[in-house]
Amino acid sequence: MKHTESETGTEEEFSFGAAQSEVEVSTADRLRDIYREFIYKPGLVAWEDNRTRIGASILAVYVFIGTVGTWFYRAPTTNQSERSLQPFQTWEAPLGTTSSGEDVLAMAIHATPEMLIMILSGGIFATVLAVLIGTVAGYKGGTTDRVLTTFSDVAMSIPGLPLIMVLAVVISPERATVIGILITINYWAGLARSIRSQVLTIREHSYVEASRTMGVSTPRIIFKDVIPNIMPYVLVNFANAARYVVFASVGLYYLGILPTSVANWGIQLNNAYSRAGALSGGGTMYQLVVPMIAIMFLALGLILLAQGMDRVFNPRVRTRLAGESESETEDDEDAAAPTEVMT
Amino acid sequence: MNNYFIKRTGRAVLTLWVTVTLTFGLIRAIPGGPLEMLRARLVRQGVDPTRIDAIIQSRQEESQPIYVEYYEYMSSLLSGNLGESFYFREPVSSIITDALPWTVFVMVTATIILFAIAIVWGAIIAYKEGSTFDTVSSGLSILMSSVPFYVLGILFVVVLSYRFGIFPARYRTSPGVTASLSIQFVGNALYHAALPIASIVITQVGLQTLAMRGNSIQVLGEDFVRVARLRGLSDRRIAVRYVGRNAILPMYTGFLTLIGFNLGGSVILEEIFTYTGIGYYMFEALINRDYALMMGIFLVITTALVLSVYIADLTYGLVDPRVKSGDSSEAY
Amino acid sequence: MSSDSLISLEDVEVHFTNESLLDFGDTKTVRAVDGVSLDVEENDVVSLVGESGCGKTTLGKTAIGLQRPTGGSVKYRGEDIWAIRDGDADTDTEWEDIRTSLQIIHQDPGASLNPNRRIISILSEPLRQVNPELSRGEKRSRIYSLLERVGMNPPGDFAERYPHQLSGGEKQRVALCRALLMNPDVILADEAISALDVSLRVEMMDLMLDLQDEFDTSYIFISHDLSNARYFSAHGGGKIGVMYLGELVEVGPAEDMINDPQHPYTNVLRWATPDLALRETGDPPMRKIDVPDPVNPPSGCRFHTRCPKATEACRQETPSDYQHGEQTVACFREDENHEYWDSPELTD
Amino acid sequence: MSMDQTTEEQVYRTDDPIVKIRDAAVTYDEGESYVLDHVSLDLDRGEILGVVGESGSGKSMLASSLLDAVPSPGRLTGEITYRPEGEEPVDVLELEKEELRSLRWEEISMVFQGAMNSFNPTMDLRTHFEETLQAHDADIKEGIGRAEELLEDLYLEPDRVLDSYPHELSGGMQQRALIALSLVLEPDVLVMDEPTAALDLLMQRSILMLLSNLQEKYNLTMVFITHDLPLVAALADRMAIMYAFRLVEFGETRDIVENAAHPYTRALLNSTPNLDAPLSEMKPIEGQSPAPINMPSGCAYHPRCPLATEECRTDVPDYHDVGPEHGSACYHWQESYDEVPLVYADSLGDTAGGESR
Amino acid sequence: TGGNGAGDGTHISYTNQVPTKIQYNPSNPTSYSQISHYLLFDRFANFNFARGEFQPYLIQDWQFNGDTYELSLRDGVTWEDGDDVTAGDVATQLRIAMLSGGAIAGFTDSIDVADEQTVVLNLTGDVNPQIVEYNVLGQRFMTQKESEFGEYVEMFEENPDQAQSEIQEFAYKDVIANGPFTIADRGNQQILLEKRDEHPDSDNINFDEVAFRYLDGNTAVHNSIGANELDSVYSVFAPPNVVDNFPDHIQMETIPGKTGYSLIPQHDHEHAGDRAVRQAIAHVLDRETIVKNVGDTLKQVPPIPVGIASDDQERWIGEISDSFDDYGVDAQQTDEAAQILREAGYSQDGGTWIDSNGNTVELPVTVPSGWSDWVTATQTIVDQLNDFGFEAQVDSRNFSALNGTTWPNGDFVLSAGGWLPGGGRAAYPYFSLHHMMLEHYRNFTYNYGPANPNRGGSNGDVTVPSRTGSGTMTVNPSDRLSELSETADEELVQEVINEQAWVTNVDLPMIPVMEKQEQTFLATDEWNVPEQGAEISQVRWANSWLIRQGELQYDG
């Protein structure tokens, strides 16, 4: 490489004009930088938007319940209270009990951690795979692209829910992580396709070409130039995938297709429906309502977050809110990422 | 006809084939084959154990090496034969012919209605961006999207059917109503489909509305809308031909693919409403390990998905003059 | 063509075959660059002018090895760069060296900087490539001094900004810095000033020219504005090339091209370049306004469909390069004995 | 500063203005700052007025003001009077919705910056023409006939263009089609906001040439807005120079080019490459133009002006008569002749009015 | 009457099968009718659970003569097509059952038609007449008319395999009925029967139609009952709170299911295979609480954990029941359990039981997921075991996986599984003991020593403390049950039953927890029915049987 041949020459060339005083960068500075860049500012922006604010608060509540809550609140067991207690009767079981004397609130609370794990694993699996396949296909083009595109085409063409049901029966997954992945087993495909088409545009951006011209390696271009651009989109879709995981897992539990070894609101629904006769007016509607509310608020939090999130990653908004100056006003904010709408 | 058409068709066929093969393999991997399920069922029916063994024995011969099954399945598929349902002892095709129209009816109607609402509502919100109406509508949209359709379905059943008896909780039609083109029949079918359709529409309309809102706001900011106003065009024309048309276009493929997607979702929906469409039979087939039926329905839903994407790709050029068929108009 | 030119293009062709871009069905070939030969010397400035779509960018990118030519050869210091790229060449020169030696500044100052990275990070990238052994502090001080050099003071402040916090001119300077930090031999400036405000263009050109001496770089400067090309080339002591539909119709030293244009098309460009002399604009010196379809370029001299001086001969035959002083011109009018002079004028 | 408004006396009136602009001002934040700062101007019947200024100097705001079409939520104040020939003057800002609708495009029409986005991408051009005619109750057949003629005047094949979708046309063709669309109702005034900015020079110049032909043929009054001073120089009868949302100088084109009396105008002229002049140093303008939110006090140009004095820093200069019909908002316009010499001054004399080769 | 305004007296009941798919060939296992054939076809005899014996119906009389078994038909029963129901028809039905692998084949040589009204089974050697009775009469309907099905009998003689598969394929949908009703109409939602006046019992019936409406799942049925849409319902499970919510005029009848939840230990397992641990478990379980958790309308508590159905314990071992251990019906007898364990060398370490090697006693309980009553029971069991200091947890698995691999492979420690074979037959201890000790009908490989080899056993001996006093006794259950099946001697029968019941009570090859109750609901608003709990209603299923008996009449 050039620099090795003409080390000194290079040095000279760059020693022009006003000599720069030594620029020190301490580790603390860097850490502070990272903190400002990745936590403080996104947080600030997120907080500025009502949707993210509410969404994040809701999720925070779930995380709190899923971690601290399970510590403080007793685990559900049979006969821990009187059977079939209505809600708001006693402090012992505020939301009532099932017909085998399990505390409904305890059931709801102790289903949270598994659900969060499921969401995370499903969301991460779907988005990471989609980003990987989408960017590589889009950026590399050619045969790689054709193969990957066909692959995702096929994955996309298999009907999601029926496929998941069959798979659920085949492998009887018992761990929340596996269930999360199972549910998003072909969810990534649509996402990969749309990421691919975005990458097709991004790779034509001149800054990508500039990086190529500098001889930057392909993985580095993908990670530094391509992926940050689709990040808002990816995160929005992470939240969407998470919501899909919530909906699908609860649905499958409700239908009794997934093994009951993992606590889940769907199992509560199923119990309320098939055993407590909640639908038949046995006065046990509360057993149905509690998990429903748990599901709906979680989904609500995720949607709100998804809707508000693209702003967080838009550097324009970020700097504006972080109080830095902006010299240009003419450009509009990037149009919001297209919303892939699938239940 | 032309290159793109052929290529795209080839890809659709390839996709179908791979999907069929894959699902074929998958379904065979389900633990507990049809015989085990049959045994379980006979036990429950109280058939005496020695006879159960005899029955199982006599059925054992039916299974063959998997490649033979695959070959036979593929070749009979090509001749239009989907095999016979193990559980129902009926040709799969006749079950599907009976069930599919109902599912398609529910899902297509639901999807059309929800898009119609989303388009109008989304456009109106966009026009009133920033107003209270916008805030309330957007909030409502989000709220509606946070309810899974089956939860709403259950609620509907509990409240509207069981509690108040306004709508039927199950069936495609009332007992005794026979299929015909009479008003009574159609009305009855619609009446029974009302809740399934409503639960799809209500839970899915929100996100589409927000998408439409976003698109419309974007279009409203375009120069050509401003120019159109300056040219003195009527507000109506601008709303329809300018804003509407351009905002709807990006949703076109979404519309077709959502139909396909919803067909898959019918498995849960029809189970809740005891609506004997393909989703319902899919579930039955799964429970009873009825491979042929499962494959058949899988195939139908897959074909629907592949077809809807295929149609979306091929027709996008027709609805959007900017894209000639064959341009980079892939649905996803 | 001397083999020790920094870059020499010989008979370069770039044809884009696209199956679906224009119409589906049969494939269409866009002859973006068709048989162009051009040399870029050390410390040279070559400006390319021409209408939109005539192939300037394609030629420029071919010259710096970003675009693989479908015909002809591109040589860097006498060695075929694509042979090196493919590992076919028998030489010590590494593709990496070539890659770092040939850099680009794009037209759109906004699009050429990654909106998600701070300036410091954008400018660290070239150093990472060329001087990976530098410490963070060293990199930073080099970047700071270069930023100061291009007039972005205080550098510490600018370095911490995002691209959207810079003005167009500043962005373009950052793009220039990025190219310079690679210590390149050639910089392709593709319409690098077109998007800037008029008042900033000169400043930017001056800056680039100043740095040319300091950094020993050559420029390939693309512009559709003849006066900018002249300003740039003349100050850099280089030449101007006029392109028309993928062909180089006239090349020559800047001043000669302006003061004594030979090709009718150069004349058209000259007419199109506004000035403050308040001349009556008059009708354009050409018969049609719109450029022919590059998929089906006209036969013979490609300009014959619009050329006010075209004759039947121009439709039939493709002119070869004629030498007129230091200019190279592809027009029959340079050949006094050509049948051109006798054939009937085209009027449609 | 927004307090001092230009008074009647400071306006350089023309005898028979077709549009009178008085104190036109646009604000986006309830008067905190102006993006068009009290501009007064007369538009002469049948003239071509060139408006020149840097990006963001408020040119588009001025153009939109003429049609009362400032993009929301901007607020336009002042007085804009349209005076059709032989009819009662119309106060544009007071018009009812319906009246405004017919004034636009029928009387005053406009070509936007960025023709690429001015057509509905999902509609062919014929429909654009037809719906425009229809919206103004014009005879469609006759109108299309006129459109075809216009297109032909603009060197386009009418049939092909009319049956095309916008994306099927090149930028230059779209721009010309848009010009035809803007003239299809035979307006008296045509406002063009940087109609050629996105095109290459050859196309720009060609269009300019066609425009001057059209102007003669249809007896149009034209406002041509650009940041490219030399471009309009050959076309415009008069020029107005804008800086930081204000009109800083106006006058006949020749006057402006040869005798610019505002340091900004002179600097602008100096920064322009010029083919005919011998190669000499062109001088860029140092510094940046201000944004509406932090406008310098007094003369907005003072931070960049070599002649700036204390006075400039505190008071907004009035217009000074520089010559007939030529005004300059500068206290030091006289000094500017010497302090800011025009770098191409020498070349002007011999080439002015001369024929090109 | 029912919701659909059939005020003229259409009795509306329900079916959980898609009506168009129902078929009536009992030899074809798919889509075999679950309820409507009770009215379409006459059954041989009906088992009354209260009396514990068969009531004659189509077969009016049956006679054991040592080496033959003679069946006499009722007079005047005709087929829908006009033919009489003859001994030939009965013989055809029985022959097909025998030829296609039914249990009859185990003790029958041949079947003869003695005359129009009499069928004779020629027995092979010694056989317990009770066993013959249960096998011949139990749950058998006169469906296979000779003229329709006779060809299969011939086919069986020529080519059994083909016959087997053909008769299994044959979906009998265009039925020729011989009961008091025949099929009038079938749609997607219901199957409608209309009265056949030719039937001898038709005079008992004062309404014309019975509709079986298709309802999918218990919840749908609950709701239909609640909404007054149904006049009767057979075998549906309604937990107490649901039943409480039914209208007042809905009367519930329950009959024992003769099957139910037990913990099936893996006898090879170091702990579950240890009798001490099994006994401890039995002591620790509070069966009453478990049943309450699941719903006491759904289950009943077996008084003594033994291989005899709950209701039949009194009859068979009532006299000696004091000597059996009930392990605490409604209590967690932790002291007893602890004592047994300590004696067997177990000890407690911080509350958790460990064996003499220091290994924790871990007892995961496998249960089919989705069987919500079983899952609830399992949860309660697990909680009780954990309370006591075992390490137990619920291990719920997919039913098909259990059925296909887990159970046949014995891949469990404790598994939920039925401790009775179900049906009227299970009332006879031979069948229930056989099921518990020798051959579980669901293919459980539980490696119990005395069990049959195909269940992991070796038909070996078992040694238990003797019931009557000190000392131990060693018996071979396999041999003793064979003896039981081959004797007509009542005393021997009682002796073997007492002895083997004792073995199951002590050795606990399975640990019975609860027994299923079958619920039938009858609407009394427009229908006259016997009062709740009447002996005549203790049959499968009350609604169809009462109609035939004139005990369910329209009163609208």
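When the chains are written out, they are named A, B, C, D and E in that same order, and each has its own residue count from 1.
Basically, a residue touches a chain if its C-beta (ideal position, glycine included) is under 8 Å from a C-beta of that chain, and two chains touch if they have at least 3 such contacts.
Here the structure is a predicted model, which means the values were calculated and not measured.
> What's the fewest number of moves from chain A to chain C, given that each move must go to a chain touching the current one?
The fewest touching-chain steps linking chain A to chain C number 1.
> List every chain that touches both chain A and chain D.
Common neighbours, chain A/chain D: B, C.
> Tally the contacting C-beta pairs at the C-D interface and at the B-D interface, and name the larger one.
By number of C-beta pairs in contact, C-D is the larger.
> With chain centres set to the mean of the C-alpha atoms, which chain is at the far end from chain C?
E
> What is the distance, in whole Å, between the centres of chain B and chain D, each centre taken as the mean of its C-alpha atoms?
56
> I'd like to verify one number: the distance from the centre of chain A to the centre of chain B, where each centre is the average of its C-alpha atoms, in whole angstrom.
Their C-alpha centroids are separated by 25 Å.
> What is the distance in Å between the mean C-alpha positions of chain B and chain E?
42
> Using CA atom averages as chain centres, what separation in Å is found between chain A and chain E?
51
> If I count partner chains per residue in chain B, which residues reach a count of at least 2?
Correct list: 30-31, 162, 328.
> Could you list which residues of chain D touch at least two other chains?
Answer for chain D, listing residues that touch two or more other chains: 55.
> Give me the residue numbers in chain A that touch at least two other chains, ranges are fine.
Residues 169, 172, 257, 273, 279-281.
> Would you tell me which residues of chain E are touching chain B in their complex?
Interface residues on the chain E side: 4, 18, 21, 23, 28-32, 34, 97, 100-103, 105-106, 135, 139, 161, 164-165, 168-169, 171, 187-190, 211, 213-217, 220, 223, 226-227, 398-401, 403-405, 421-423, 425, 439, 441-443.
> Which bits of chain D are touching chain B when the two form their complex?
Touching chain B from chain D are residues 67, 69, 71, 101-102, 104-106, 109-110, 112, 114, 117-124, 131-132, 135-136, 165, 167, 181.
> Which positions of chain C touch chain A when the two form their complex?
For this pair, the touching residues of chain C are 64, 66, 94, 96-97, 99-104, 106-108, 110-117, 125-126, 128-131, 133, 136-137, 140-142, 144-146, 148-149, 155-156, 161-162, 164-168, 170, 175, 178, 182-183, 214-216.
> With touch defined as at the start, can you tell me which chain C residues reach chain D in the complex?
So the residues of chain C touching chain D come out as 51-52, 167, 197-203, 206, 224-228, 230-231, 234-235, 255, 258, 267-284, 288-291.
> What part of chain A is in contact with chain E in the complex they form?
Residues of chain A touching chain E: 77-79, 83-84, 99-102, 169, 172, 256-261, 270-271, 273-277, 279-284.
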